[in-house]
Amino acid sequence: MDTTLLRTEGPSGLQRILLRGAGQVMFQNNAWTGLFFLAGICWGAWQNGTHVVFWGALAGLIVSTAAGWLLGLPGREGDQGLWGFNGVLVGCAFPTFVGNTGWMWLALLLCAALTTWVRTGLNRALAAWRINSLTFPFVLCTWLFLLAARALAGLPDDRMADPALPAAVVPAGEWRFSELAVWWLRGIAQVFLIDSWGTGLLFLAGLLAASWRAALWAAAGSAAGLALALLFGASGADIAAGLYGFSSVLTAIALATVFYRPGWRSALWALLGVAVTFFVQAGMNVLLAPVGLATLTAPFCLATWLFLLPLVRLDDAGHPDHSNWEAENKRHLAPPDARV
Amino acid sequence: MDTTLLRTEGPSGLQRILLRGAGQVMFQNNAWTGLFFLAGICWGAWQNGTHVVFWGALAGLIVSTAAGWLLGLPGREGDQGLWGFNGVLVGCAFPTFVGNTGWMWLALLLCAALTTWVRTGLNRALAAWRINSLTFPFVLCTWLFLLAARALAGLPDDRMADPALPAAVVPAGEWRFSELAVWWLRGIAQVFLIDSWGTGLLFLAGLLAASWRAALWAAAGSAAGLALALLFGASGADIAAGLYGFSSVLTAIALATVFYRPGWRSALWALLGVAVTFFVQAGMNVLLAPVGLATLTAPFCLATWLFLLPLVRLDDAGHPDHSNWEAENKRHLAPPDARV
Amino acid sequence: MDTTLLRTEGPSGLQRILLRGAGQVMFQNNAWTGLFFLAGICWGAWQNGTHVVFWGALAGLIVSTAAGWLLGLPGREGDQGLWGFNGVLVGCAFPTFVGNTGWMWLALLLCAALTTWVRTGLNRALAAWRINSLTFPFVLCTWLFLLAARALAGLPDDRMADPALPAAVVPAGEWRFSELAVWWLRGIAQVFLIDSWGTGLLFLAGLLAASWRAALWAAAGSAAGLALALLFGASGADIAAGLYGFSSVLTAIALATVFYRPGWRSALWALLGVAVTFFVQAGMNVLLAPVGLATLTAPFCLATWLFLLPLVRLDDAGHPDHSNWEAENKRHLAPPDARV
């Protein structure tokens, strides 16, 4: 890959925009981070024998970014990769849950493109509340299409959980510390729905390339989710697959490094947020069981919103609220032209 | 019926207001359209031996319109039939799903009246987002009462689907073109929950009386929903009953003729919207299965909102967004006194 | 208990703030009301052999109030007990539905504290719509944690209803008037999830201490919910437990005495609201059956919002809408600093 283009300063290095799109899944406006993330997806897909997940991720990333360009949405959002991060997640989710047919690919492309204008619309709607749609466009659109897959023979749903009433939980048994490390890294990898500890390592490396703080909080978030899941007796199979890690990873990065100025107060606030994310994750697993749907990153979105909406003041710098601590993060919070 | 009154120009021809209420279900502020629609409901009800559906439609229309008058809501909304269109749908839905008891009628009247102020409230709430509640007041109120019917012996729920976990789908088998035409027309009739192709013809005639463009897009919407359902392998029974048509009909009319200035760009946008409506319809069928609830027109509402919220610019006339292309349509978008 | 403190006029009598917190569950900014309410909880808990419910209520009240103080939220809200009313309900709900383990207490404390900033956030978000979050912070947070309990072995869910598809209803059989009185009083007691008619009497006494009007409407609300449930054939077991009373009690107090100026018009409006609350209650019972979740006070919140959002004018005093009839009630509607 020609890394020169990645360093180009112009507004429209296409590769850079795409790579940033992957990086923005964890709030990093950084092409190198995105490159590590795509490498992690690739590694996990090959490890698990599901190559199609990698190709789906690429297709989703490209189509959702192209949709922003075709619709003439504000270009500075595209430059930061903000058109692509929902699409790349759609591209990971479809081949993970739906059988590999031509109709699946058609649905994937439509859904990935859809996330781009759903994001614009939701951000506009949420701007008055000073929150951002986060990854909820991915969650909403993918939920709708995955539910549809159950009603459409052209979209085989064999890889989705069987619809079932919530049943008794089987907690994890004895465990060794080496297992803990694997589960912890899988928790980070599951942000992109990948079940592979090697992918988790590559994701951590990608975060380090952009921000040691983000990497630290990703690691802490997954560890905290894992610890709470073990203490409260969550399902052993879910714990081992890293399914109590990914939402906590995202909440931790969002609250501790993106929306609040880093400090001891925001660190405590982020830890509270991670704890709440854990309960929301467990609760949504139960809520969606009757239709056999995965929570995707909805627990992260809901918990983070609950910690952003009150506009609690956590620093002494005279900033009126969390949205002002740095210009870069204002853009995450709400597109300037949508502010009410 | 005295058709003179229908032509009267004054602000308060009662019959005209009621007929417009029926017409507004498909966005037509036109008494003749409403007359055709009521005729279509009547025809379908007699064909299917469910006369009570027609009487329900009339009762719902009258009561919801009267509620607007009793509450002193802005009269110009009432003149356009905007108090009655949710109520007439409530009146079709109750006898379709609930057994014909005195308690059913009491619940129908309360629910129809309720839609009028729920519409006012939701339009007020949604005005800042520059969207309109569409038929969602009907959907929300009817859902609540149909769910309640399952818990109340006085409201027999025999005609509702049994609550069940989502099961494997049985796609349509071989079909002939004559069947396609019937299914296509039923898709239009199902906007008012009527399972009759003759009703579909009458509805098309009613649309033609007001706007050839609306009729064309209604026809195209039902055809597109039908084609997608066959291609993606949706349930054959649902396809034959027209259940993949009605939401697409409404999305097509809304996006191609009401909220955006007609043109090739808005035509493409409307086709995308119809495709998304199809997946939302399939998905919501699955989501509501465990409580055995019909989607009603919720897929239309959700999909149309997703295509209106981003305020995408689709014309070159210097209009800042979809809400300004014609004064008539501004009123659909948000009551002027509720604008923030 | 030193009742002097209760009468102190200063801004920060801690006991008074806590007692007002209990009183605010039924909109009474009155420490004596709160004292009666806590006595009612205590009585019911001892009667039913579930002492832990009383200790939970106290813990939830204290922790949620402390959370508001620790976060530095506006003090005048705290003075009125507005930090504590969601927390005291969390404290009643957790030991009612979840087994008495150390983990339950940890979750209870986190959830009770969470309601305080969720309330701040939701009130801020809803201010533009001129509605208030009511008891929805309690509902939302408790739902999430109760759902999580099904997925966590550390939170035993034996006392929750088994997840089940909605089944046929068994209406009440013959009844005597003495039974009616018991069911009616239980309907009032269930506002705090207590199944005891003695508690209902104590709650009525508490309301009388603050406002004869609130007591009257609480009594009328429970009676109307009970009558509708008997007429429409709701589940006999639910009726006997008072489960068709509590939401109607709250809607009646809110619409007839808090948000609209008392009068014959607002009385009719409140009765309509109580009728709608009844159907919403029955409907939500069905909706939540597949995950075995209680509705909590959600039917009250939803129905009351539907009657507040349209800003219907019900008095002749020249007030533009319901939010202005008395300064005291403005504060319920939206915190002044959050008004848009």
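Note that the chains are named A, B and C in the order they appear, and that numbering of residues resets to 1 at the start of each chain.
Basically, a contact is a pair of C-beta atoms (placed from the backbone, for glycine too) under 8 Å apart; a residue touches a chain by one contact, two chains touch by 3 or more.
Computed from a prediction, not measured in an experiment: that's the story for all the values here.
In the contact between chain A and chain B, the residue numbers used by both copies make up under half of all numbers at that interface. Copies chain A and chain C of the same sequence differ by a rotation of 120 degrees once their CA atoms are superposed, given in steps of 5.
If each chain is reduced to the centroid of its CA atoms, chain A and chain B end up 36 Å from each other.
Multi-chain contact residues of chain B, defined as those touching 2 or more other chains: 128, 165, 290, 340. On the chain A side of its complex with chain B, the touching residues are 71-73, 103, 107, 110-111, 114, 117-118, 120-122, 124-125, 128, 143-148, 150-155, 163-165, 290-292, 340.
Of all the residues in chain C, the ones that touch chain B in their complex are 128-129, 165-166, 169, 171, 231-235, 272, 275-276, 279-287, 289-290, 305-313, 340.
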